[in-house]
Each structure stands twice: as structure tokens, then as C-alpha cells.
């Protein structure tokens, strides 16, 4: 792999006593769509602002293409940002907004206009070029904001929750626009969001942050299937998290005794000693449900409590031994031949490979 | 009782209050076109005598020139100072910010007669009294807080990301100031110019103390009034009212219309 | 990091001008005025000194104290009158008028604030004169003529010209910001209209009203035009004292003493008022 476009090395950002980003180590590669995800206050926006030079790291190094960037001023960087508020200049027209960066860089008026109109056309809003931005719709403003950043022809585009102000159906449309744009241009997108669906739908890699730390980095599929720790397991999707003590195990699997029974889980990279407390997660859509005892490695009995329908997808809530709540997610069709009256006792089953051990913390 | 009847009573009362407030302005206007030397009811004949008199008075022309110089220069100075301070308050946090803001906001709370004495003593000491510049310096101190308040209000309406967006697109801090902050504040800047000019145009206490022989319009009025009743004052007064009212209305229309626009 | 301590030319450009300007043209004059109260005047020339002669001279004179108490009295009285006259109008504008009507009224009331107080006072002079407009009108209904000029009444009318618009504006804004549901709740619970004003509206607007009264007091206390032209300076107020002492006798140090006494009084009044305005109400029961 070539040298990363951006490297974070032990980067820390403090605001007084508050640590917004702690000891961050992260590489961002050329041409990837990277999403940074987490709840508010997790440090995702601070990370993005450090990339744009709007905040300087308190410690550590940020390098772009090998150059140390810690104290490089925002205007000396090539890191245009699409703001959550969009931050369009209200006293300018759409075209003048797009021209703004070029004007700052000293590009001549004719050239500016040509390039701005070119991008507005590409974003399919050329008709609104001479309109005051205040009169545009949310989606149109979004496109002006994108054009304003992309006209700078950057290697990397930063996006801070750009879709958060849009209607749900418009969000899906814009997601399509963004992924297509990123593939066409081949530039790096760093996309900050609190929305799992946005991050997982668009990104090549997702960084999950929690209280200033990186909780996990990986492809959406990796994170979904093998959450690294309890935080990610709880944050991402519908996971069943079981806790217990290690009995023993080998390369094929670990035996873990829990109040719900003894189960086999995938052996983690770092070996676990018998007697150690441990948790593991099983994704709700990897559990099977049957009336008779299944032949899977892991099985448990539970009582049906309730169901929740979202379209053709059903989530069933069951109560297992010791009051443990199990969530099972499946297609409605697959439920046809089951007795689903509340209080029915059903069997849950899952493979060892579906159960991934969570590291503590 | 609580419905219509009360509303009528209250309506009449509010009208009375407005009558009290606007009666002097109204009568000044009426009497300026009245031929009587001691104006009263019933009115005398319609006459433009007093206007003819002031228009042919070179002293008054000189006072108008002085007033225009003083109020425009004051407006520019005060608005500049107010803008700098409003921007500092908007953008920065620092240790002595409280005292810093008090320094600019305090002067209007001190009675003008006291400011007049203090300015007179101090400017004479510095050898700066008795000139038009003396009035301008004093007036800029008195009016800068108005400028600061108006511009600060406008900055409060600005998306705080706007300035950072300009840097992010390759603008230096100075470029962001020129291309983003100033254009955004422009309606407030114009309003502030109008209002500070209006205040300066009408101020007489401080001006009278520090101006020496350079009279502005209000000082001329003060001196005429000290003599005896002279309806010339009504003519000058009408002209003064028109000037200040148009400045105030211009300021409000510009500022309010922008506010409405930025909210839609 | 060294960059933190580098001088930020940009920040200073915006921060420094007002500091320099106000130090030279605001702090300078006020401090110097305090200083000259200790200077002495000999042969119509002021010389630097540090003596209490001016203080002694002013504070032991009956006419100073007469003027002091009169100014305090007439300024307080007119502030109280302005507050009371303004209240029904402000109440109507705050609770009975539409949003647009209220905005329009406040806008109109701002205008006099920026127009020549001097000309308005002169206009009152003509209106209130022995044979003036008001007496002529009263004459038609068989009243008067009344002597209104050169009386306390004249002075108060002058003060009200200055303070009444301000009192109406500030009271209206204060009451318009009251949560209307509280007032409706009180009415709903059977509180009579006047009792609602007394028990709900006034307590909720206490801070705004105290500050309004304070502004009215400050304006009247420092004004020399109304007592001079409309009150006939029969009893000179402190501003007239400053005016006379400065303009005629070249006695700047003595005028400074009066000015400092005025400022101290204003501070004391403002401090008391603000303490009153922000004091937590005693919990009943």
C-alpha cells in the first residue's frame, strides 16, 4: 500500500480539562471514503476541525503527505469542508459562493466564473447560479456547498454531518450523489456523522469514536460482524451481549459459562485464560429460531415477549434464563411456520463463528 | 367592561401619551410657518418669513457646515470604533473582557453636563479645546456605544461558521474580514452611521462646552433661546427634526428590512 | 508552543483602538476632573495643587445643599410620574395590542430620542407660556390662565419630554416579555384584573421596571435644559450649578466638586436600584 494521505500520531486535543481527542493513531488513505462516527461529544468533529486546521492538536503529530500540519493555518491548507450549517455566504449568489475560494486564491474573474458554472452544472443547479442562496431549497443549498468545496479541486474533502438538516428521503438521494461523486473524482472523503445508516451506506472504512478514543476502525461489514468491544457492540446494530467466565478452549473456539448456559464463541486474537470474565456479542440477525431443539453448537431456550415490525423485517424480543433479553431479527416470511403467540417457548441457536468476543473497555 | 370599553379607554390614553410626546415636534413645525412673533392660538397668517430669515443668515450657514462636518466625522469614527469593539467581543475571549466592554459602554450613563465639564477641562489641558475636532472627539466617545450595540446585534445573527468557512476556502483573516464580516455587517454599519450622526447632530451640552467659537446648529439654537422668544428657532428646529428623523428612519428601515430578509 | 505568545497583529488591530481612544478621551477627562477638584483658582487662573478648599467651600454652603436636595427630589418625583404615566400605556401596548401595533408604537417612540431635545423644550416654552397654546385652549372652556412656565410643573414637563418615551418603551418591552400563560393562569384561577397586575405582572417585571425608573432618574438628574428654560432656574439644580460655575466664574474646580457629588449620588442610587432589582423575592409562607 502507498503512503497514507494523512497520518495521526498520538494526537491529543484538550479544551481546558476536557479531553476531546485522546492519543489518536489513524491513517487516512488516498481515494477512500472514510466515515468517522460516534455520538455527540465523542471527538469526531474535533478530529475533522484539526484536519481543516481550525483546531491545533495539543500533543502529537498530524501529517499530510508527509508534511507536519500541526500549526499550518486553515487558509494555507487544501482541505475544504462542507459544514453542518453549510455556512453559505448569505449576501452572495450561488455562483459567487462557489467562486469564493478561487477568488481567495487569486484566480481571475473570467476563469472563476467558468469553473464555478461548470461545477454548478455538474451538481445540476446551473439554473440557480444567479439566485441569492437564501432563496434556494435545502437540497439546492447542499449542492452549492458541495460545489463550493469541490471547485477547489482538493485531494481530500471534509464533510461535517452535511445531511443532518435534510428530509429523510432527500438524505437517501444525497447519499447516492455523494458516493457517486467520490468514485468519479477518486479523492478522499472524510465524513463525520452520528448516523450509522449514513456511515455504513457510504463509507469504505468506518472509525467509531467514543469519549475521545477510537473504539474501532474497519469496514462496515467487519464492524457489524465482529464488534471489537462492548461499546461498539452496543452502539452498532442490534447485538445480543452475553457475559460470563472462560472455561477453556482452543483455536476452534472458547467455551464460556454464562447464566444462560455454556456457549462456544470465536477464539480471539489475544488468548484468554480460564476463569477470566468475558463478554461476547451475537448479532440479532444471526440467531435462528425454532420450536424444536436446533443442531447448532449454541442453543438456549427463551420465552417470546413481543414483536416489532419494520416493513418486512421483524424483531422478536425473548426472555431467556436469568431475565436476559434476546433480540432476533429476521424476514417476516421466515416466521410463517412458527408459533408466535406471546409466552411461547422457542429455541435460539447460533454458530460459534457468529459469537465474537468483546475486549474489555 | 374588560373587552371593548377598556380597549377604548386604553386607546385614548395611549393617544394622549403620544400627543404629549409629539406635541412639541408638531407645534414647532406649525409655528415655523406662523407669522406671529409670540405664537399662540388662534394662529396668525401663513408665512415663510422665519425660513427666509435663517436662510439669509451667514452664521446659521456656518453652523450647518460645522454640524455636517462634526456629525459625519463623528459617525465615521464612532462606527469604526464600535465595529472594532463589536468584532472583538464576537470573536475573542480574554481575561479583562468585562472591564474592556465597560470602558466603551459606560459613557452614556454619565450625565452629559458632567461629561461636558470633564471634556472641557481635559481638552483645554491638552490644548485641544475650542476646535471642531474637540466636539468630534467628545461625540465619538458618547456615540461609539450605540455603534457597538447595533453592530454586535448584527454579528449575533451571523452563523459563526461563516468566518471559518472563508479561511477554509483559502482566505486569510484579513480577507475573511473584507469579504465576509464587513459585507455581512453592512446594513448595521449603515444604520450605525445614521444613528450616531443623528445623536451627534443634536447634542449640545458637550458641544457647547468644548466648541469655543465654532458653533454647531444646536449651539446656535441654545444661544437664540437664551436671548428671548424668537420663532427662528422653530424654523431651524423643523430643519433639525427633518434631518434627524430621516437619519433615524433610514437607519431603522435599513436594519429592520435586512433582519426580516435574513430570517426568511 | 511559541506561536501562542507571538503578537497577534490581527487581533490587536480590532482590540486596541477603543482602549486607546477611551483612555484618552473618556478615562482621561473623568480622572482629570477628579484631580482638578483639588486644584486652586487664583486670579482667574487654575493652578495645580492638592487642597480641599473647593470641597470645603462647596459642602459647607447652604445653597449647594438646597440645590442638592431639590435636584434629588424633583428628579425622583419626575421619574415616579414618568413611571406611573407610562404604565397604563405600556400595559395596553404589551397585553392588548397586536405585535405589529406594538412594534410600530415602539418605533415611533424611538424617534424623539434622536431628535433635538432643545427644540422640543423651546416648543414647550411656547406652548406653556402665559398666553401660549395651552392657556389659549383652556381659555375657550373658561379656565385659566395658569402660570406654568418658571414653575416646578414646567421643570417636570421638560423632564417628561426626555423620560416618558423611554419609560413607555422599556415598560412595554419588559411586559411584552412576560410569559402570557402566567397571566392567563392567574385570571383562570379567579384573580381579578387589577389584582393580576399587582400580584403577577408587577412582580414579574420588577427588574425591568427598576432599571427603567433608574434611567428616568439619571436623565432628569443630569438635565439642565428643563429646569433652566421651563423651570426658570428659580431653584437651581445641580446641573445648573455646574453650568453657572463653569461658564461664568471660571471656577472649574468648584464645578468639578459638584460633578463628583452628582456622580457619587448616581452610583449610590444605581447600586441601590440594582440591588433592589435583582434581590430574590422573599418566599411567602
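Order as written gives the chain letters A, B and C; numbering starts at 1 within each chain.
As a working rule, contacts are C-beta pairs under 8 Å (C-beta built on N, C-alpha and C of every residue); 3 or more make two chains touch, one makes a residue touch a chain.
From a predicted model like this one, the values you see are computed outputs, not experimental measurements.
Each chain's centre was taken as the mean of its CA atoms, and the one lying most distant from chain C is A. The chain occupying the central position, as judged from C-alpha centroids, is B.
Centre-to-centre separation of chain B and chain C, using mean CA positions: 18 Å.
Chain A and chain C have CA centres that are 61 Å apart. Rounded to whole angstrom, the centroid-to-centroid distance between chain A and chain B, based on C-alpha atoms, equals 56 Å.
Multi-chain contact residues of chain B (touching two or more other chains): 173. For chain A, the set of residues touching two or more other chains is empty. Residue positions of chain C in touch with at least two other chains are not found. Residue ranges of chain B in contact with chain A, taken from their complex: 159, 161-162, 164-173, 175, 179-180, 183-184, 186, 261-262, 264.
Against chain C, the residues of chain B that register as touching in their complex are 2, 7, 10-11, 13-14, 17-18, 20-25, 27-28, 31, 38-42, 80-81, 84-85, 87-88, 91-92, 100, 103-104, 106-107, 109-115, 117-123, 125, 137-138, 140-141, 144, 173-174, 195, 198-199, 202, 204-205, 209, 218, 221-222, 225, 229, 233-234, 236-237, 240-241, 244-245, 247-249, 252. Those residues of chain A lying in contact with chain B across their complex are 52-54, 73-75, 79-81, 83-85, 87, 89-91, 100-101, 103-105, 134, 148-149, 152. Put simply, chain C touches chain B in their complex at residues 10-11, 13-15, 17-19, 21-23, 25-30, 32-33, 36, 85-86, 88-89, 91-93, 96, 105, 107-112, 114-127, 129, 131-133, 136-137, 160-161, 164-165, 168, 193, 218, 221-224, 229, 239, 242-243, 246, 252, 255-256, 259, 262-263, 266, 270.
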